[in-house]
Amino acid sequence: MFQERYFEDYALGEQRQTIGRTITETDIVLHAGQTGDFYPHHMDAEWCKTQDFGQRIAHGTLIFSVAVGMTAGTINPLAFSYGYDRLRFIKPVFIGDTIHVQVTIADKRDHPKRTDHGVVVEKCEVFNQRQELVLVCEHLLLAQRRAL
Amino acid sequence: MFQERYFEDYALGEQRQTIGRTITETDIVLHAGQTGDFYPHHMDAEWCKTQDFGQRIAHGTLIFSVAVGMTAGTINPLAFSYGYDRLRFIKPVFIGDTIHVQVTIADKRDHPKRTDHGVVVEKCEVFNQRQELVLVCEHLLLAQRRAL
Amino acid sequence: MFQERYFEDYALGEQRQTIGRTITETDIVLHAGQTGDFYPHHMDAEWCKTQDFGQRIAHGTLIFSVAVGMTAGTINPLAFSYGYDRLRFIKPVFIGDTIHVQVTIADKRDHPKRTDHGVVVEKCEVFNQRQELVLVCEHLLLAQRRAL
Amino acid sequence: MFQERYFEDYALGEQRQTIGRTITETDIVLHAGQTGDFYPHHMDAEWCKTQDFGQRIAHGTLIFSVAVGMTAGTINPLAFSYGYDRLRFIKPVFIGDTIHVQVTIADKRDHPKRTDHGVVVEKCEVFNQRQELVLVCEHLLLAQRRAL
Amino acid sequence: MFQERYFEDYALGEQRQTIGRTITETDIVLHAGQTGDFYPHHMDAEWCKTQDFGQRIAHGTLIFSVAVGMTAGTINPLAFSYGYDRLRFIKPVFIGDTIHVQVTIADKRDHPKRTDHGVVVEKCEVFNQRQELVLVCEHLLLAQRRAL
Amino acid sequence: MFQERYFEDYALGEQRQTIGRTITETDIVLHAGQTGDFYPHHMDAEWCKTQDFGQRIAHGTLIFSVAVGMTAGTINPLAFSYGYDRLRFIKPVFIGDTIHVQVTIADKRDHPKRTDHGVVVEKCEVFNQRQELVLVCEHLLLAQRRAL
């Protein structure tokens, strides 16, 4: 499960895809409980009927957290996550939707200060079962460079 | 709990602060369970002892999700969240740390396409009990403009 | 979120209403898990079909706890809860029912021993989506009196 | 587990005692998540240090719910719970405290309307590991009378 | 709840039956979260539609753990569990199925080393609401012998 | 994550090892909640002080379920689990212990009825941070044979 990968080992355009996971009512209730966000958009089925989307929707932070978790496979001891850019909630995820994530190495760049590391940008795209893009973000991975 | 606020009602520099919340071992175990991320950084106290940070650290997505949830107070039916920019994990959060969030209206701008809405940028800064900044992000709120 | 209110600041008849929350199968399973009450009334869908109410019902303590939690808004550092009177389970709450709570200041009275505090009685009425009263109780709040 | 008991079968003064259960940080975090009550009294260890009680305290509704669950043993198909009287939070319960419950048949009385049932009053007393009374309430059980 | 039973007190063929419990989507999501097993068999409703069983199935370890928990009634301080033999997953358990457990004293034998204890074999059979056997195992209980 | 492996692809003596996971108080509380087993061995810290082991111990089914989950890596669509043999609880696991699992292909044999499948026996050994064996079992995997 531990697998060393240097900055140089990541190839632009490289792609991997996760298996799927169905987002359940349970996930939403647990996420409300973890975060304290009990907004009616997620928790009040009656109020949701009066809204455009017509039913309860998953928290944006739930889909983001689950999607990130779904991409957590092998552990690279030479890299660590330091943030995300351009996280966008494109479409609502409803109870019963099944999501999967596609990760693409979208960019590789120097780090402004740390010359012994480079920044690997993983584009994460989350799709539902209708292949609609529901969430997108760019994961910033700081990966060690191979010593010269 | 519902309170209407138009784009024009948000003032640059406006600030609010949440109460605090202690991040517990329970939060980490529940977040691993919700996301499927059982990386040893969060779940293996023995392995962590051999690392620089010396102890288990909270998932980045946990602190982000909890922080966002902590800012969820009154509901503005005229606005909705459409994403986050520049999410950065500045410092690790350990079991027993207590965080609070400071939200500042950092920017207001036009939306490229929707002329009846404007973008409100809320800068969210998460601090621990030593007043160290641990996480920062920019919340993008799409708020309806007052009809002319 | 902290807001000081003295005994004198509570007005008889004052009323507030919470937003709604749908009671889910998840809530019941989690409450059984928290309390250890796995009675078939809550956990055995087959047995419930043979009973008058025909389906699983939420634990009384679940609806009470959630309802009390739903009324937890601003924190009054000058008051604290010391109990409840006349808690009654009026009607069963089923999976999928959506409840909200109405709180009315129903009484204000002296405390037998603590002359620097007074007792504020909050009547909590829990309604389902059909506006049927499902639970009622009286919350006893001990609130500091203004110094003379 | 099902055991029929008529109103006449309950004896005044009859007493039973549950085994013990330690109230953990996990219980408090789960209860906050279930109820949405994230008050700093339960969730902010730093703030609690500045208060009289000096540490986080369990929600009143948590101790009440757990205590009620602890008394749920055999199921009497001839009786049902219809409420509680005089629920009082006598002392705070801290993380690590171990509680048990003593149930005493404290009263038996007619029901104002239902002549085929009687009201059995179970006094529930919750003690901590120092044998201090921390919570008390009266459980109202409506039990069927034996047909004449 | 504590009840002393010596090895000699267990009678071959003795039988008890638990009440029922419905296995919910919540149970599966919680079990995935507890164990880290997010296999699509349990978590991906879309993928399951393409499989023989057509829908999500409960983890074998979930049904085993819940079944064992359902048989946990009175505590015998003179015995302890030291393992299980011949655990078999006979039929899948689906969301909404209701299980109960039948325990039969199937064997009593000497322990190879501990002459002051004997082995009691409890055959645990788990049935669904259609009375189909879904899981079976043999629980090995080491029970103290009466002193001579 | 899906990787086809036929019966013939499993080699006797083949071995793999999981990363570690610390068993927390949270895990025990959640497992009690999932299974309904609130025995004082797991839930009553005061009572445990009076026993030989001196502190709360994890449920056997918890360690078994977590260990099985820890071995769930790649999914073999040509095989499925049909049971476990000789599951033994060798040593107690305490709160704060860190376990890992070692899986060894210990046996390969014909299935009495299904000639197109063979039985692969995975010996699972669970160790704590002191390299003490705490649990052992034999996992029975029914794997498809390569067509001749």
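A, B, C, D, E and F label the chains in the order they appear, each numbered from 1.
In the analysis below, contacts are C-beta pairs under 8 Å (C-beta built on N, C-alpha and C of every residue); 3 or more make two chains touch, one makes a residue touch a chain.
Everything numeric here is computed off the predicted structure, so don't read it as measured data.
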Inquiry  = Among all chains, whose Cα centre is located farthest from the one for subunit D?
reply    = A
Remark   = From the listed A-C, B-E or A-B, the one duplicating C-F with over half its contact pairs the same is B-E
Copy-to-copy rotation for subunit A and subunit C - C-alpha atoms, rounded to a multiple of 5° = 120
Task = Average the CA atoms of each chain to get its centre, and name the chain whose centre is farthest from that of subunit C.
result = F
Key: Mean-CA-position distance for subunit D and subunit B (Å)   = 37
Note = subunit A to subunit F, mean C-alpha position gap in Å, rounds to 30
Distance from subunit F to subunit E - Cα centre to Cα centre, in angstrom = 15
Ask   = Of all the residues in subunit B, which ones touch at least 2 other chains?
value = 19, 21, 25-27, 30, 33-34, 36, 38, 40, 75
Query = Contact residues on subunit C for subunit E in the complex?
reply = 25-26, 29-30, 33, 38, 40, 43-47, 56
Ask   = Once bound in the complex, which stretches of subunit D touch subunit A?
value = 30, 32-34, 36, 38
Inquiry  = Show me the residue ranges of subunit B that touch subunit D in the complex, using the header's touch definition.
reply    = 19-22, 24-27, 30, 96, 98, 129
Inquiry  = Going by the contact rule set out above, which residues of subunit F touch subunit E in the complex?
reply    = 21, 27, 30-31, 34-40, 59-62, 64-66, 68-70, 72, 75, 81-89
